[in-house]
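The structure follows.
Labels run A, B, C and D following the written order; every chain starts at residue 1.
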Amino acid sequence: MKKPELSGELVPGLILKNPVMPASGTYDYGEGANAFDPSLLGAIVTKSVAASPRAGNAPPRLYETPCGLLNAVGIPSEGVDAFKRHTLPGLKKYDTALIVSVAGETPADFIKVIGSLEEEEGIAAYELNFSCPNLGDGMPYGTDPELLALALKKIRKVAARPLIVKLSPNVADIRLMARRAREAGADILTVANTLTGMAIDIRKRKPVLGNIFGGLSGPAIKPIALRMVWEVAGAVDIPVIGVGGITNAADALEFIMAGARAVQVGTANFANPMVMLEIIEGIADYLQENGFAKVEDIVGLARK
Amino acid sequence: MKKPELSGELVPGLILKNPVMPASGTYDYGEGANAFDPSLLGAIVTKSVAASPRAGNAPPRLYETPCGLLNAVGIPSEGVDAFKRHTLPGLKKYDTALIVSVAGETPADFIKVIGSLEEEEGIAAYELNFSCPNLGDGMPYGTDPELLALALKKIRKVAARPLIVKLSPNVADIRLMARRAREAGADILTVANTLTGMAIDIRKRKPVLGNIFGGLSGPAIKPIALRMVWEVAGAVDIPVIGVGGITNAADALEFIMAGARAVQVGTANFANPMVMLEIIEGIADYLQENGFAKVEDIVGLARK
Amino acid sequence: MYVKGKIVDHKQVDVEHRLIIIEQEEIARQARPGQFIMLRAWERRDIVLPRPFSLYRILPEKGQLQILYKIRGKATMEIANRKPGEEVAIIGPLGRGVTLPERGNIALLGRGIGAAPLMAIGEAAYSRGLGVYTFLSAKKKDLIPGLNDFERVAQKVTLSTDDGEINEGRLLTFLLEDLITAEGVEINIVFTCGSRRLAKGLYSMEQKYNFTAYVLLEEIMACGIGSCKGCVCKVKNPDTPEGFVYKRVCQEGPVFPVSEVIW
Amino acid sequence: MYVKGKIVDHKQVDVEHRLIIIEQEEIARQARPGQFIMLRAWERRDIVLPRPFSLYRILPEKGQLQILYKIRGKATMEIANRKPGEEVAIIGPLGRGVTLPERGNIALLGRGIGAAPLMAIGEAAYSRGLGVYTFLSAKKKDLIPGLNDFERVAQKVTLSTDDGEINEGRLLTFLLEDLITAEGVEINIVFTCGSRRLAKGLYSMEQKYNFTAYVLLEEIMACGIGSCKGCVCKVKNPDTPEGFVYKRVCQEGPVFPVSEVIW
């Protein structure tokens, strides 16, 4: 049988070699530590870039929970200027779609970063991270559908490239968020980010993380993220990228069958730096063994 | 040293022998399968009772996920009449506080059950389960603060006994829910219930659960439930009962140090039917070894 | 009952199946054929539920239980790693078990690991003096577990393998039919486990051959003791508007008349 | 580098510590003292992160790594269960490692399992002809790991135990002071690991005794390769408004001058 087709066009201009990419903030390129050539990935997604340099949260920033990881890294960033100067050139040399994740506390932050990046070549899309739970007590852009839409409309005006909106799972009804984001100009939705959690050190009698709260990722949250992908894929007609707890090809296939056009892998990279390649291969094998010609053929299969 | 005091009065009239009780729907009494005498528990909490008999959801109803359990049992119930006739008499004979969990889709359902139970003796309090994610697509009483308050005010009128409101974790800001519930008449809050999730069988290419969605419980959700207990205990001045993923005494102590006055244990009962007694003992040991005279002394300790 | 048991022996039966022998006097004394236990044999927290296993053999004199199992996923893999001398946690005995007739013949129809609970039934029937006719099927001959044990208690053991090597891979229900019609053996009660197709096939034979057939059902279980309401199957009930009720496999089962089950 | 390694030996050193010897030629060839690896030696999914371990000994000729570890929780318990012949997954070598002087004397101050990375440093210094003065402390004598190994490479090994049996439980910094003042030994560089108190104590001694002190820090790590930004420590930096920057222990460390760390 012919080898199955892994590549696909998510939106005009954004072609993925395959449906697997790293989740923002969990994978680095170029510092020499790469276990494989990043050009093999469906896309490269950067750590979220902020408008100005940010130090991030006070340590401890990490804590392992059963099947999960709490992180309160807090989006440290070199700032967009340094990103353009130091980091972006290195990322452009890989032969795959480059998605720049952008973080901010206000619409102005996003506009500053994107405005500054629009003049750069070699960027395929922006992923907007509204959902970081570690940024203190600002306006809940990530969890209020109207605030999200408002912010998005402003950002849309400055961005010619596709906008991927990464939705927070810390909401009552993610379908509302998805619909409003789509109406306000999102081209693609990433579902979801970390769920806010915490842990207490009963010996020290205080919260483990410097920031008290952190974002929960890893296999623990997979059933929740999968449910949200299912809901969002049924609520909007734009592509969905699924993320949350994916550790192997079977997990990725669940997300795709729930309706995701692509998946991101975060926490699983830490224990197994080769895991994304293994997932790409596993998806190809599944397609081939089950007689599917392309990834597209199994998107949303479990909904039918 | 003197043995530490485990008992405490949650609200006037509701005295717990110790701070550990089963989570509704996860522990049965009297069918002969008890691993220990239920009178040793801080309280007995029943499976949620509905106004009329309910069959529950179509199977499969259970699915294990990494560190978690998805259940789509769907609140099968014999109905309040049969409950009074067949089940309640057996529960009354145990020498500990009896909390009847009540489920419903509308305020009228709750009113019917509670109205009917008010004439019975031997019940210490009601726990209102607004948060069941398995009940189809009714009004979101469990996730909309205004609807919750509205329902609660009506229910409050018919209930002389303490009302424990069990909050859903499937919300953006559980503090809002807690504040409105308190204003509308809640005496105690149970935080939290299961998080909605799902799983897909990639071989069959369809959702695993008969109901598609189920509630996620177990260690996977502990960091999220703990964070919500921390938030709620800081937002309201009424007692909080913590629940979600508690598997041992250390977990229970985390919830108590986050501000919970008592804890419930659900999924952990399945693997270890003695776990609640072990947790009671573990809490007592911790208090004694660390020189605390009573449970009260460590409630909220990590907040200080 | 929630108790510890000590592994006294553990061996590979064939490429797919293992037999674990556990010392647990109280359960061995109380358990009846058709009952099962919930087993936990690991500390890792990613496996949150204990797992149900039928009693393959119950040896009250030795105070031992035998479990025949197939490695399927993470829990059975963990069990496979446990060594003699190690302890496991057991809830049991659970479920209602079977009721055997005073006299006559029974037939056991098992597909694959479905043979497991049938052995305990066959052994009890044998010691009561009943005639035991056993029918077992699997993909190929060396995947039929427990053959030696069944041969000890059965009047006759009939096999069928999907590869066609034995009995041309014919369905066990047809082989049972042969026994009744061609050999003239009267069967009073049939027990089956491991295949929905077999159970359905038996249902349509009950009237004609005048036997009662029971199926041992499997559902995913959390508690095993009736608390969680998770392990239900659909059972006919004309008194309800829907025409059925849900019954808990762990509490009202795992043995159900095939005529009552809705698939 | 992400590779497999084979366990060639695994033994209990004392009640708290174990030594695992792993065959991994590439890492053994590349690694330098002070570096570490991320290790995964389990399949269970409740442990989501690999765990960082210092290289206790680096044996390029044998193609082997030695890890000295203490059982603390679930991951170290899993490692303890792995047997010779089994494989583990390794990311490494990681971190910057130490820079040794061309000549002179170094001191190593280790508290408990903090001794682990010091051995590799001592061994490298020894083969370079430096004088190695080692100071180790623990609760009691039989909990000081690696004594034999240190005695092989060190000019002198000085111990202190909390139970007061050896050197009256005095802090290692005071014992170092004795060496310098009473015995007149000149120390050029000090490395310490395993106790914040020791590192702080060394900071206040640097000026007086004219040595530079480095501490090997530990922070919880997820990636070990600089990606996750999780393992940061506070390092002085007068150029920032806050007066400090966060540095990644895995990437910019784990070795930091004690004078730069903010505790």
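One rule holds for everything that comes next: contacts are C-beta pairs under 8 Å (C-beta built on N, C-alpha and C of every residue); 3 or more make two chains touch, one makes a residue touch a chain.
From a predicted model like this one, the values you see are computed outputs, not experimental measurements.
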Legend entry - Mutual neighbours - chains that touch chain A and chain C alike: B, D
Inset, instruction - Take the average of all CA coordinates in chain C, do the same for chain D, and state the distance between these two points in whole angstrom. - result: 56
Inset, instruction - Can you check how far apart chain B and chain D are, centre to centre, with Cα atoms defining each centre and the answer in Å? - result: 47
Legend entry - chain A-chain B separation of Cα centroids, rounded to whole Å: 34
Inset, instruction - Could you tell me the distance, in whole angstrom, between the mean C-alpha positions of chain B and chain C? - result: 36
Inset, instruction - Mark out which residues of chain B touch at least two other chains, giving numbers and ranges. - result: 66-68, 219
Inset, instruction - Please list all residues of chain C that touch 2 or more other chains. - result: 45-46
Inset, instruction - Assign the assembly's chain-to-chain touch graph to one of these shapes: line, ring, star, complete, other. - result: complete
Inset, instruction - Spell out the part of chain C that touches chain D in their complex, as residue ranges. - result: 44-46
Legend entry - Residues on chain B engaged by chain D in the complex (per definition of touch): 66-67, 219
Inset, instruction - Enumerate the contact residues on chain C facing chain B in the complex. - result: 1-2, 40, 45-50, 89, 91, 219-234, 240, 242, 245-246, 251
Inset, instruction - State the interface residues of chain B toward chain C in the complex, per the touch definition above. - result: 25-28, 31, 33, 35, 47, 55-56, 58-64, 66-69, 71, 73, 76, 218-219, 247, 267-274
Inset, instruction - Quick one: which bits of chain A touch chain B in the complex? Just the residue numbers, please. - result: 65-68, 70, 140, 143-144, 170-173, 195-200, 202, 205-207, 212-214, 216, 219-224, 226-227, 230, 245, 250, 253-254, 257-258, 286, 298, 301-302
